[in-house]
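Each structure below is given as structure tokens.
The following pair of complexes shares a single chain, chain A, combined with chain B in the former and chain C in the latter.
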Partner chain A sequence: MIDAMKSKILKNLTPYLFILPGFAFLLFWIVFPMIKAFQISLFEWNVMPNSSSIFLGIQNYVRAAKDSLFWLAVKNSFFYALATVIGQLFLGLLVAIILDRIAHGKIFFRTLYYLPVVTSWVVCSLLFKFIFNSSPAGLVNYVLVKSLHLLPKPVTWLNEPGTAFIALYALGIWKGIGWTMVIFLAAIQAIPEDLHQAALVDGANEWQYARKITIPLLIPTIVLTSIMLTIGAFQTYIPIALITRGNPIHRTEVILSYMYEQAFSNRDFGYGSALSYILILIVFTISQIQMKFKKEENQLY
Partner chain B sequence: MKKKLTPIFGIAIVFALLLCACGGMAVGKSAADESSDSDIVEPAEVVAEPVTITFWHTYNEISPENEMLMNTLIPLFEAEHPNIKVESLPVAYEDFRTKLFTSISGGVAPDLARIDIIWTPELADMGALASIDEEMSDFADYMDLLFAGPLATNFWNGHYYGLPLDTNTKLWFYNKALYDSAGITAPASVDEMLDQCQMLKAANPDVYYFATDGTWAWVVLPWIWSFGGDITDVEVTTATGYLNGAQTVAAFEFLKELYDQGCIAPVIMGSGIDTFAGYGQDVYASLDNGPWTFPIVESQFPDKEISISPFPAGAGGSINVVGGENIVLFQQSENKEAAMEFLRFVLSKKYQEKMAEVGQLPVRVDLIESDFIKNHEYYGMFLEQLKTSKSRTAHPKWSQMDEIITNAGQLILRNEKSAQEALDEAAAQIDELLK
Partner chain C sequence: MKKIFKYCINQVAFYLVLIFFALITAAPFLYMIGTSFKGQSFIFEYPPKFIPDQPTLRNFIVAWTSRRFDKFFLNSVVVTLCSTISVVFLSSLMAYGFSRFQFRLKGFLNGSIRIFMMMPAMTLIIPQFILASKLDLINTLPGVILVYIAQNIPLCVFLLTGFMQQLPRELEEAAEIDGASPWEIYRTIIMPLSKPALATIAIFSSLGAWDEYVWAMTILNDPEKRTLPVGIAAFHGQYLTDWGVVFAASLIAITPIILLFIFMQKYFIKGIMAGSLKG
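So, the complex of A and B:
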């Protein structure tokens, strides 16, 4: 009897043992730092080990609400998300629909578009920094001024927030097209071929088929992808840190770069942690709004 | 699925056990080494057991300085101290402060670091640094041995928190060929600059008279001081009346005038051709920079002629900024004795001499007066400029003050605020930090 019980307990326990390593990692690397960060956000945190910190309560959060530079960073993050998410969705979808229909070189183009996705953010950021260099020899300047004669003189791209964001948006979109393309391609291939045949029989052309059949069927995928992309966009940091460093005068700062600046450059870890919690709140709210768009009727076919 | 996973789990356990076993073996081995080593060690050895000390610095990873450190100096030290191993880590300057903070908060600070002199008060104020004057029995000897100015940058709240390692200041670097083509010579006074710029532009329309890569204090202070202005009072209690005083405002208005007339390259706003490359490619006619300009320009443009002259004088004289690095010992270091041995080594004549060969201006009084320095092609002029150079404000919040100054400079050059307006605001912000 006891043996039977033992083996039953062991049997029940087995799945938990299997998830234990992963769960332990999650606890240690995600949950613990999150709780710790919340604790830090309530203090004027002293980074020295074994030193005392001053308890501030919600003062760091109040300070954030009044910090105009922080709200500028939020605004920048918001527009970055808007521009890059729409850009990636639109271009990714376009590429996916076209790739789905071409007869030759599908794998070649798929690989080509996916290449930026697997390239390091650091490499891509430095690349874009060179491409958008303000000097006449910068690639974009060279093409616009010397080759195409579209502009009378070189643009100092990264010295103005407006033009600097053009470079940042371009990088964000270019780097993400491959990923959205792969997701959409998979979703498109899940749409039964009969629908295509039926539509053709009914006299629809490819464009009408894409517009009336493919895209509506992809709505759940589009919503899900847009949520993932939005979360990613709000967490952008590397391109800002490497291309503009928030310059000029913090005008190209996004939430994470501003948070990093506060925590690590100004050694204000309490304030930095408070900002990270505000970021979580913002991302959570936006994802919830996006989820509302997701229709329940997933199974159309 | 579960059945398939069990053997993997088993293998993982075996691996874990193996790792433990290896760890145990390694410990045993080092203990054995220790005993055999201690038989050989001379009695003079300060450290009885083999230790590894960590030394972080900002010598560029691919630079003559780092090569000298890695291939000549550290091996030399290790040969003299068989029980001490030195692990050197080059870190990029911009990331260094951050890296130090994170490692300090994690309790894994290095034993020693070569830091920008201006970070010393901040790290000392945090309690991260050991006070060298208390730790080092022979500290008093160094008081006379070292150059007083650089030594003073280690002083904070009644103690010395480090020792100077190298010192520097900036000079006016100019491209003689470009200057000759315009018929101008190195400016002795700031009053000549606008005319010189026009002459230069008349002869070479695409050339910028001067280039510098930003508006931070390191860049703007020579102008402020040479115009007779300052950032705060001597006691560092207020910036109002200094940073927004008439002379400082005049200095910024002068820079703006130069910028508006196209005399300063756009790289001052953040991006463009980097200063050394522009100098080498005959796009920038003059730079305000330190002795490292020689090795950097020489390595990229071996045939380039490099000319120097003192920083142009203004109403307040010809005053540049004292730069340089201090070597500091961290409170968290568990090998303070061994670390201090290395500290003594970096201040030895040998180390200082070797580093002087690769562009580091020494801090030992006996070396500064040596023939090598006196007859050196450019150190003499740097030392001359150092006589009038001033130090940046020693304050734990210097980095934030610096940022306020940088932003004020950007606002002025971008024509968004008048010099007076921007500096009034900056002074008020710095006053807030000094409270």
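So, the complex of A and C:
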């Protein structure tokens, strides 16, 4: 009788025993920090041990709402998302559509285009900082001025917010095309080849086929991909930290670079945590849209 | 005849576009390779050259010997191996639990995993930093490793659970009748059958650990403890940037990942499709 009970308890416990070790890590390094971050965001947090912090309530959030530098960072993040998401989607789609139609070398091109995706952000950022160098010998300057004659004289790319963002957008798009291409290529390959043959027999050309058949069929994939890319774009930090460091005078700051600076340069953990929570809120809002869309898509089929 | 002609024209146009994009993709890499073999006075030579006139190994030697790059490399290997092995082990246990048992908190725990997947990693950096200081983990590799494990588990559990749910159950049922315990089933049946998915999560978590910069940069101040990305970024920060050394170091750092990608492409692509995750 007791043995039977014992084995029943053990049986009920079994799944928890498998889940517990990993979940303990999550509790300790994710759940607890999530709660802690919210707590910190309500204080003027004193970094020194054994010294008390001042409770501020929602003051840090109010401060963010009034902080023009933070709003500039939000605006910069928004435009970064807009530019890089559109760039990655459009170019990734173009490459995927063409790649699907060529006779030989698919794997070669796919591998090559994917290389920037697997290369670390640190290396890619430094590389772009170097090729967008202000000197006439900088690679981008040289190509645009001397080889293609598109510009009259070398540009001091990283000294002005406008041109610095061109370099940052270029990096974001260059590094991401491979990823969108792989997603789109898989979706395109799922379209039956008969459709293509039938369209060609009916006298359609490749461009008409892509515009009338391929792209409409890819709309769900395009929407989901763009939401995922947007979430990723709002989390950009490394290129800013390594290429412009927010300069000149905070004009190129994005949400996370501003948060990091508040937290670790100014040692203002309370304000930094409030900014983090605002980003979490933004990301979760975008995710909700994604969920909703996924549901609708599922109902469609 | 006309049809074949049209086909050829199309193919030529396609290849031209693809080659154009291939050049744009490859040019920065080729320029990086060229620069890493240039002497210091040739870095900003005019006109810029992809192939150096007088190639030298100086940058590689400087990086490896006098800048402690050997140490950074070793630190990165330790961090990557420890976190990847732990992630694979812990996530496979969890995925087995989620895919093979019914229990009360299942829905809740599964849902929270999905939420952790969405959390932007950097937003937790302040409390994680406080936690690491309290535990005396600042400036230690374990401090780096523990957070990498936690960061990688949610996505890996998600991918593995999806994979394990699709595995056929006949073998397990037979083993159960023979009296095998859940642990034995996990070890002798589930794990061997899950090899392809395990390879995928191992690749993605090692890639993440090898390339991670923000957390490592935040808690590692001691130059001896730096991992590769932190070390490379520090080469860049030191006084006037010696770009040749930066790119020699970068090249050494990205080569293992690129080789891994080229030879394990199948698993990469599977991982991307399954979780639509970003490398």
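Keep in mind that, in the parts below, the second predicted complex is superposed on the first by the 250 of 301 C-alpha atoms of A that agree within 3 Å, B and C clash if a C-alpha of one lies under 4 Å from a C-alpha of the other, contacts with A are read in each partner's own complex, and residues count from 1 in each chain.
We adopt the following convention: a residue touches a chain if its C-beta (ideal position, glycine included) is under 8 Å from a C-beta of that chain, and two chains touch if they have at least 3 such contacts.
Nothing here was measured: the structure is a model prediction, and the numbers come from that model.
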| Now for A:Thr14: first (chain B), second (chain C), both, or neither, which partner does it touch? | both
| query | Regarding the shared-chain residue A:Ser276, is it in contact with chain B (first), chain C (second), both, or neither? | reply | second
| remark: The chain contacting more residues of chain A, comparing chain B with chain C, is C
| request: Quick one: classify A:Leu127 as touching chain B (first), chain C (second), both or neither. | output: second
| message | Which partner chains sit in contact with A:Leu151 here, chain B, chain C, both or neither? Use first/second/both/neither. | response | neither
| query | After lining up the shared chain so the two structures overlap, which partner does A:Leu82 touch, if you call chain B first and chain C second: first, second, both or neither? | reply | neither
| query | Thinking of the overlay built on chain A, is A:Ala190 touched by chain B (first), by chain C (second), by both, or by neither? | reply | neither
| Should A:Pro248 be classified as contacting the first partner (chain B), the second (chain C), both, or neither? | first
| chain B versus chain C as contact partner of A:Ser135, first or second or both or neither | both
| Contacts of A:Ser265 with chain B and chain C, given as first, second, both or neither | first
| field | Those residues of chain A which chain B touches in one complex and chain C touches in the other | value | 14, 18, 129, 133, 135, 137, 264, 269
| field | Contacting residues of chain B [partner chain A, same complex] | value | 2, 5, 97-98, 101-102, 104-107, 126-128, 266-267, 269-273, 332, 399-400, 407, 410-411, 414
| query | Where on chain C does chain A make contact in their complex? | reply | 6, 10-11, 14-15, 17-18, 21-22, 24-29, 31-32, 35, 44-48, 90-91, 93-94, 96-98, 100-103, 105-106, 109, 112-113, 116, 118-128, 130-131, 146-147, 149-151, 153-154, 157, 182, 186, 207, 210-211, 213-214, 218, 229, 232-233, 236, 243, 246-247, 250, 253-254, 257-258, 261-262, 265, 268-269, 272-273, 276, 278-279
| remark: Listed in rising order, the residues of chain A that touch chain B in the complex are 14, 18, 47-49, 51, 129, 133-135, 137, 156-159, 244, 247-250, 264-267, 269
| In the complex formed with chain C, which residues of chain A make contact? | 12, 14-19, 21-23, 25-26, 28-34, 36-37, 40, 91, 94-95, 98-99, 101-103, 105, 107, 109, 111-124, 126-131, 133, 135-139, 142, 146, 174, 176-179, 182-183, 186, 205-206, 224-225, 228, 231-232, 234-235, 237-238, 242, 256, 259-260, 263-264, 269, 272-273, 276-277, 279-280, 283-284, 287
